[in-house]
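One chain, chain A, appears in both complexes that follow, with chain B as partner in the first and chain C in the second.
Our next item is the complex of A and B:
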């Protein structure tokens, strides 16, 4: 692991959403992000994993300020994003991009591919207008699409091709970091592999960093160097992918690991029964959010939120077992 | 390129799409075809009024007052001996100009405010929505009546009055789909790309909601023409002797028992235009709805 200065640093970011009052229920708040901190080094791919609704997507969007965090700071390449004025923020957005999960809603249905890319090039004055056709053809080639794609509308493409278009749009501004929000989850397995291969190649060619949000541990193992595991808005474990998946520390990571079919006979088989449901994020359990489902829970887990413990080798875990 | 089979029709520029939608409904739906034909006929009559009028609409022939329809005066004459056909043809200009300009203004202002309200949310949305609700509480005729009563009857004031009465409709039509679009990933992508809110609203939201706005426009054009006629009927329209349909009905109303043709023919003119616009609006809505579903998946 290279120890360069982190490209993205997230300090104690929180975000909650008001839930409208329903008949017979008190108005509530969903703590989608609860004191989340993480960092991504230059050229690194960090996987952010967790079950549906745990706040992964909110995290990705909050780091890019597509959703304004309630508290905490996000620093990018030595600059505080959360304090950036709108003008500066719009300029910084050239360096931070996002690729979405649903290739059908992520492209404007009324805009031709060429117009979509030309608009970005215009807004950010990437190159003179005369160079647009060349630039667009280059971008399309980079994501494996023929130049003829430029004259088409999004609905003329398949899901995988649309995802390539979304990637081309993100690349058009020349970003340093791309948040891939379940970018391959909506695709067929064979297409998934192609898109992952494409993302991997782009990372090498353009020295990109990724925040790779997914629920698929197999994809994390294949694609990421480090991973962070999220449960109900909190990060419970962070570490290098191999160590984290082969020797999970947090009971939740173990449970996820056991629930995920990883075709790796070498992996140690720690069978932990997956029990219980994910609690309602409206009323998360006290102390450690995971304690009602945790086979190893103690009295402390019910009362106190576990602190993050550094376990060495770049591993951190938030669990009373290691506290 | 293997495009999905479900998406057969290649998309086109907005105007071409509208034309195609109109053509499709017109060929499939007789009512729409009749509506389009009738409305076009009225537009042609209004534009070429000097060609189609048989007499000067202001020319009084005191020897031929209250003449019933005849080969010389196709639809008869009024109490001053003015030719009713010619007055209807010229009156179409007033109705169409006031209706089109008023609805056009309302459409631009209303969809602008509606998109702003839906996209920005927060206090902007609160302020615009509350103002809209207040305006919507008044029937459009009452609202128009108040404005004209305050400002005095003239073409610009009538346009202002009818615009004000119509604006809230367009705000509502534009706001709801904007709220739905705002959360779509492609709008979020625009934000992530650093596009300004103005660019997102004009270039990405407007093109996706304008078919709905246009359908509403055709339906509210009919209402605008009706309101203009109603205001003229109660004496708050364009001043005589300028021929307006509502004014003609008002004048004819005084002779309704002896010479009913005075009121009947301008009433029929209003009926034809309003019916035609409603047929077009209904047809357009039917034509655009399934496409919206298709592209909204």
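Our next item is the complex of A and C:
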């Protein structure tokens, strides 16, 4: 860790959504983010992992204020994002970009690639219009697409190429931090490796930082330096990736790690101790949300939310076992 | 394992009419599935693994698709079988489950009744008996409080529970063969681990055979006895699971292993496979992996290498790098 202040600092961010009354079910509230804090250093890749519905995508969007957090603060490069006025926020968006899982749904199907990129360059006043063709050609080359791609429509590209377009669009404004929300999850492994390699190269060349949201612990191990594990809106464990995966502290991290498929028949057939399912976020369990599935739960786990314990070596865990 | 395979596929080619021309989606697919065996078909999107399973069940639409070759189920030829006879096989002898359980479930019918209906369609028995059996199967796939949930609708279940219901429905007719098309791909890893354990159990207890389609080598390792690796419509390598993972031979299989970020080992660097799978309209002669292959030789673009291996090894590969073994095998015949 460097002494400099982290690029992104998130303090106690919470976000809940109202769920309207549905057939046979009363209205409710989903606490998608419940007192989430984390930080990302300059040039660092932080993996945010968890199962569907744990709030990881909401986290990525809330940190960029694509959805407004209910409480808490997000600081970016020494500036309080959550207090920034719209005009300032717009300027900051050049430095904060996001890449989505399904690039096709985030690309306008009737817009040629060159027009799509030109629009971003115009909106953010990146460079004079005369420089657009050069800038676009450079961007396409940077993400490994041929120059001819500029004249094509999104449907003319394969899934991997579309993800390259999504990345090119994020890069066009020269960001410092990119939130990659399951950016490689929908891709076949051979293509996934190509995109990971591209993201890694861009990180080195442009000294980018990433918040890398994924459910795949293998990708986390390969691509991230640190990781935070989420369960039902809360971060349960944070630490350097290798330590976190080789010696997980939180019982949920252990379960997730044990359930992750390994390409090794001997290891893959060991009986995995996985019990239960993620409960409904509408009615999360009391105390530690994980206690109904936890093999080590005690009375305290049912009643009190565990505080975050600093375990040294950059590791933090929110579990009564360590409190 | 008995001597005769439950399912024997030979020279299976499926063609689709695309833009007025017939294009081969799969070419010369052949494998044996034995009793109580799980064969994994593994490959990337568009490699023909789902189409192969749909061809087995006669699910490909007539007119736009045609199937050539032979599919023998316990000695009986399924290719060209009349629809009424095929219906006698579908479900009761060979069942199929899919990636998205919601598409296989009727959203406006209680799940228990759907399972009971499956039992009644295939077997003559009283409704009460079918209900009892449906509950027994829901219990068997570990749906908590099965009897109480008999009348619940699909939307009241989680994704993992829905997949269990679909599995219960498939199992209700006690099929000999289960075709499972990416049944855990849409599920979270902890749920995936549970469903895989469930399927392993069911196969062992009912002496059922399974063709398991997946794109994940991690899942293959957890479920399969034997593996067939597919690329662009062809099986390029086939082997018992331990052997394939210990010593993959085809350059594509090897490349796949090098492209997976593993959760259990620190990788120095992934090696992406350059290029991409050719579209069906561009499938050529010769080895279809050749344009992306690091070990490409001039002959690879000539006649298509056949899937062959040393006799008795059960390990076969379609690659000229292993041609000496291929020749040995042919000499032995």
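One rule holds in what follows: the second predicted complex is superposed on the first by the 306 of 323 C-alpha atoms of A that agree within 3 Å, B and C clash if a C-alpha of one lies under 4 Å from a C-alpha of the other, contacts with A are read in each partner's own complex, and residues count from 1 in each chain.
Heads up, the rule we're going with is that contacts are C-beta pairs under 8 Å (C-beta built on N, C-alpha and C of every residue); 3 or more make two chains touch, one makes a residue touch a chain.
Worth saying up front: this structure is predicted, and the values here are computed from it rather than measured.
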Now for A:189: first (chain B), second (chain C), both, or neither, which partner does it touch? second
Is A:80 contacted by the first partner chain B, the second partner chain C, both or neither? neither
Using the touch definition from the top, say if A:12 reaches chain B (first), chain C (second), both or neither. neither
Taking the superposition on A as described, I'd like to know which of chain B and chain C A:245 touches: first, second, both or neither. second
Once the structures are superposed on A, label A:166 by its partner contacts, choosing first (chain B), second (chain C), both or neither. first
Should A:158 be classified as contacting the first partner (chain B), the second (chain C), both, or neither? both
First (chain B), second (chain C), both or neither: which does A:120 touch? first
Is there a shared patch on chain A that both chain B and chain C touch, and which residues make it up? 158
Footprint of chain C on chain A - complex, ascending: 51-52, 158-160, 188-194, 196-197, 215-223, 242, 245, 255-269, 271-272, 274, 277-278
Sort out for me which residues of chain B touch chain A in the complex. 1-4, 7, 10-11, 14, 184-186, 188-189, 191-196, 199, 203-204, 207-208, 295, 297
Counting only contacts in the complex, chain C reaches chain A at residues 44-45, 158-161, 188-194, 197, 215-222, 241-242, 245, 255-257, 259-264, 266-267, 270-274, 276-277
Give every residue of chain A touching chain B within the complex, in rising order. 61, 64, 66, 89-94, 96-98, 100-102, 104-111, 119-120, 123-124, 146, 148-149, 152-153, 155-158, 161, 166, 169, 173
